[in-house]
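Below is one structure, written out as structure tokens; the observations come after it.
Order of writing sets the labels: A, B, C, D, E and F. Residues in every chain begin at 1.
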Amino acid sequence: MDASALQTFTSPVILFFVLGILAAFARSDLAIPEAIAKGMSLYLMAAIGMKGGVAVSESGIDANVLTALGLGIAASFVMPFFAYALLKGFGKLDRLNAGAVAAHYGSVSVVTFVTAVEILEIQGKPPGGYMVAVMAAMETPAILTGLMLARGLGSKGGGQSTGEMLHEVFFNSSVVLLLGAFAIGIVSGAQGFAEVSPFFQAGFKGVLCIFLLDMGLIAARRIMDARAVTWRLAAIAIAVPLVNGVIGTSAAVALGLDVGSAAALGVLCASASYIAVPAAMRLALPEADPGIYLTMSLSITFPFNILINIGLISALATALTGAGAGPP
Amino acid sequence: MIETVIRKRIEILTDSALVKRVTDAIDRAEITGWTVTPVSSGKGREGKWREERVMGTDKVFVLTIAPQDKAMALAEDIAPLLTTHGFLLTMWDVEVIRGERF
Amino acid sequence: MIETVIRKRIEILTDSALVKRVTDAIDRAEITGWTVTPVSSGKGREGKWREERVMGTDKVFVLTIAPQDKAMALAEDIAPLLTTHGFLLTMWDVEVIRGERF
Amino acid sequence: MDASALQTFTSPVILFFVLGILAAFARSDLAIPEAIAKGMSLYLMAAIGMKGGVAVSESGIDANVLTALGLGIAASFVMPFFAYALLKGFGKLDRLNAGAVAAHYGSVSVVTFVTAVEILEIQGKPPGGYMVAVMAAMETPAILTGLMLARGLGSKGGGQSTGEMLHEVFFNSSVVLLLGAFAIGIVSGAQGFAEVSPFFQAGFKGVLCIFLLDMGLIAARRIMDARAVTWRLAAIAIAVPLVNGVIGTSAAVALGLDVGSAAALGVLCASASYIAVPAAMRLALPEADPGIYLTMSLSITFPFNILINIGLISALATALTGAGAGPP
Amino acid sequence: MIETVIRKRIEILTDSALVKRVTDAIDRAEITGWTVTPVSSGKGREGKWREERVMGTDKVFVLTIAPQDKAMALAEDIAPLLTTHGFLLTMWDVEVIRGERF
Amino acid sequence: MDASALQTFTSPVILFFVLGILAAFARSDLAIPEAIAKGMSLYLMAAIGMKGGVAVSESGIDANVLTALGLGIAASFVMPFFAYALLKGFGKLDRLNAGAVAAHYGSVSVVTFVTAVEILEIQGKPPGGYMVAVMAAMETPAILTGLMLARGLGSKGGGQSTGEMLHEVFFNSSVVLLLGAFAIGIVSGAQGFAEVSPFFQAGFKGVLCIFLLDMGLIAARRIMDARAVTWRLAAIAIAVPLVNGVIGTSAAVALGLDVGSAAALGVLCASASYIAVPAAMRLALPEADPGIYLTMSLSITFPFNILINIGLISALATALTGAGAGPP
């Protein structure tokens, strides 16, 4: 890793995350009000969605966009199988919990993506704006695969009807807000965005700092209370993002994406959902244990991705594309 | 002196994502209404939780006032959810004014 | 063993803009105190409401612990509000510790 | 309507409102925490108040200001009579509810005004800063007229004492914050405002986007739950803002206001309160049905004004003043 | 018909900074869980308070469902805090479903 | 006092505070949601911490920093003795309450400090960035002195164990956030700060406006409800900040601090905590009456410092250093 990796660790965004983790471990009472945290998460999604839409309105839609979309959706469908096998075999989880956890690893984490974009931009490798749409498209397929794995094909379990379930999944607030803001970005374009950019653009990194402070607090507190997560599961929570990240990045480079977009796709593959999917699992697989899937995705994979894996994936993408040679 | 009648007060602790299932059950029991109040944190067999609004796994209380028979019908109706989703249901007798509303 | 006494617990669901009328009534009944807790949403004869803090038409619970006689005086006092404003009042017996405070 | 009307529909401010409406109709669970929504509404009032005050500190107070103030106050007093007649006759409401609804249409909606100012500024017709004071002055008179109509002169009804009522009305939070911030704007002037303009000015449109997203959600959800509103009432909720808008704009042009201010006054006349007046009605006319007045003002009139009527009023003001000819 | 059992419901009004002491006491009493709900404002012998989250002197309710004996053990255990810190404790009998959990 | 003192009263920051006080006295229902207020207070601490850290990363650490730190810590330890004597003698408080109140006056108010920095910057006398660290260091010692005075040496009272207590005090959220953000500022430096300065820097004064609006409302409402505060205690709540401010400023000038830093240290000495210390007192001295200590520090001393004492201290520092002569 080069100087830019170190630069990551002097970025306030990452440092506030570390501060949150340390404060929680020191048992400080520091806490962000829930309403504020929720508001910040909506803000981040609206802002990233709009920025992506504006970028696409500038660049237009080309073959790369479709490649990335197809790759992302396919990955989201397929990745849970690999995770499921690991979770049942090495992780010793039952079918139900293995399926629930697998869904998380096939889906994506918005905040991990947003943080990766910040880091990639600092490193001079900004991903394409269309990656936001790829992210939104990757949220859902993994949920379907995970449910199928958990319940077996055909059976319905104690949860809700499939129609209700699909509605939940396609109209859940993060998908609606991401895609809605993305569409707004496309329609209003750079000119329309200019009006609101002091809010959505200029404030973005600062809000991300405070939001990551909160996520650091929550992730660390959860692991301090955790009981359900064995060392085997902890190892999986590191191994899966590593492997998924390598596969995602390599496939993206092979299919011709630029270095930033390939890294972003790698990060999406590596990231695990801790917002949309847990909520969907409570509805569809209430018997699965949130103590397992939330702790793995939020308290282990999320910090691992933020602090280490994004840097690794970025370096990998650079190496594979040979992009590191040029000026940033 | 003002007149009061006895009704059941039922309080159900539920995931906020599942409120609609509970209120649908209340409507099915033909109870006149319900009220939702927020919850901050808690601990149960599945460990502690708090500040989970961002994750969408937070909880709320749904409370409803109903005559005995409708209350029992409601309890009967949502008993399966209690088991699968780990809801908490408590109920007790209260005096209400203007009992004809409930 | 610790000693407990029986008191009435009264809970009144009211518009947050009208809290002062309820707490004034509590003060008039010479009850020692009250506590206000938030409410998120609800449904009654007038339909559903939620997220109405911006509109200032949101609701809260006011709860107060009082001896039987004061509780009845309070109920008597605010009964008209119950009818005109659609408040909800429930009350029941609770055990309290350090009953001399109430 | 010209290109500028179309431009309105590519503005993120309007698009986020539409997104909110669509998300609610699609039964998405998207929701802004109440505390955040309340905070944004306070922010918008503080910001619009300050901006108005700063503008007045620059321009000074002239005859136009007094004309606009007088016209606004008179309109707020008088408009409920017209609405009341329609509501009782065509709308078939009883006296109590007709009076309560009429009060809403005489009063004003801060967010409609704010959105109109944004649109008028995009179209190159900024209203005078003093219009904020006109808005604040228009909030209250209609409440008095509406109460009088509902209760009849003299009788007091089951509500509170008139003194208490007047206090509520004159010191309600939006009047206090608008006029307070207006006064602060006047006292601190452009120089003082410069210190805080990154917050109050630069962030304004972005906050308005998110706030309108929320209003779209709330307005659409309310109409989906609505039972009390007949087609007659729905028709009135469109007709009254149309007529009031035309009358207000024409009178303002006739009395010599500039195009932007005349349009703004028209919008104020057309707008219906859904913050200050509903709260006052719950206090003073608790027997009136919020299901009627909130649904009409918030779910029908408000979107109609935002999406259509502001554009019409702006075009009318331009036509009447002949301002459209020159460069914007 | 669905089966219910009788349990004690205990609600304790406490400073939010002191929640941990209350929940520690609940854990000591070997009660299976607890739930914390928010409080907006109140009045007692020490006057009114509200909007004190910034000052960190705000309050919450801690509620727990427990069998009679554990409930009394808990009340005994935290009685001293009631006196020194002005906590409020009320408890009453409720019916619960799936009573084996408590 | 010169023109700059008047300038203070045309600053929106101060005017919003006055608006809050007036609105509360007029019994308006204006109120900021608690979650928003809490969020703003966290924002202000993160921002002031970071700004201080960045300033120190530029200027480095010299003898002045150590002087100021030493002086601040000593003052925080010692000042409660003086306040305690006054509170027991003239104020007629019992030992318990006198100790609790004294702790507040030895500690500091973050918002008073932040407001003073804004005013000093307007006046062209910016304090050194390291003063943030001094502030954080001054929060705690006074709590220890106050407890010792209240309980007598050795005894433990009805509160918690001393270990628990010390943990609370050193890891309370404001200390952690201030020092954490300070460290982040040092590590990320001016370059890292540039990324987030639109959020932490540009928005700062505006947020401070709304926060002070809220503090004005809360301070005035509390005094309207107050019963426990006698005129003697009210007089002490004015006298102590006056005296502490003069002593602190003089000592700082004597020890060679620049005019801005000396004034800032004077303000820290003059200010009384109403966040960290009340919370600590509820834990450690639950029998003490919050009606006394909160009303004194929040409703009397805080407004007195904001509206009058900061101006006096600034003038004193200027006079003592002879800095007023040169260009700002």
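The rule we apply is simple: contacts are C-beta pairs under 8 Å (C-beta built on N, C-alpha and C of every residue); 3 or more make two chains touch, one makes a residue touch a chain.
Worth saying up front: this structure is predicted, and the values here are computed from it rather than measured.
Undergrad: Figure out the least number of contact steps between subunit A and subunit D, where 1 means they touch directly.
TA: 1
Undergrad: Over half of the interface residue numbers used by both subunit A and subunit F, so same, or under half, so different?
TA: Both copies, subunit A as well as subunit F, present different residues to each other, with under half of the numbers appearing on both sides.
Undergrad: By mean C-alpha position, what chain is farthest away from subunit C?
TA: A
Undergrad: Could you tell me the distance, in whole angstrom, between the mean C-alpha positions of subunit B and subunit E?
TA: From the centre of subunit B to the centre of subunit E is 19 Å.
Undergrad: Whole-Å distance, subunit C centre to subunit D centre, using C-alpha means?
TA: About 35 Å, centre to centre.
Undergrad: Compute the distance, rounded to whole Å, between the mean C-alpha positions of subunit C and subunit F.
TA: 38
Undergrad: Using the touch rule from the top of the page, what residues of subunit A touch 2 or more other chains?
TA: Expected reply: 29, 31-36, 38, 198, 202-203.
Undergrad: Subunit E: which residues touch two or more other chains?
TA: In subunit E, 17, 37-38, 50, 53, 92 touch at least two other chains.
Undergrad: What does subunit E use to touch subunit F in their complex?
TA: It comes out as residues 15, 17-18, 21, 46-58, 80, 84-86.
Undergrad: Residue numbers of subunit F touching subunit A in their complex, please.
TA: So the residues of subunit F in touch with subunit A come to 33-36, 38-39, 42-43, 46, 50, 167-168, 171-173, 176-177, 180-181, 183-184, 187-189, 192-193, 195-196, 198-200, 202-203.
Undergrad: Which residues of subunit D touch subunit C in the complex?
TA: Those in contact with subunit C are residues 31-32, 34-35, 37-38, 41, 158-160, 214, 218, 221, 225-228, 274-276, 278-279, 282-283, 286-287, 289-291, 294, 298.
Undergrad: For the complex, which residues does subunit B have touching subunit E?
TA: So the residues of subunit B touching subunit E come out as 13, 37-45, 50, 59, 61, 72, 75-76, 79, 82-83, 88-92.
Undergrad: Using the touch definition up top, name the residues of subunit E that touch subunit B in the complex.
TA: Within the complex, subunit E touches subunit B at residues 1-2, 4, 7, 9, 23, 32-38, 60, 65, 92-98, 101.
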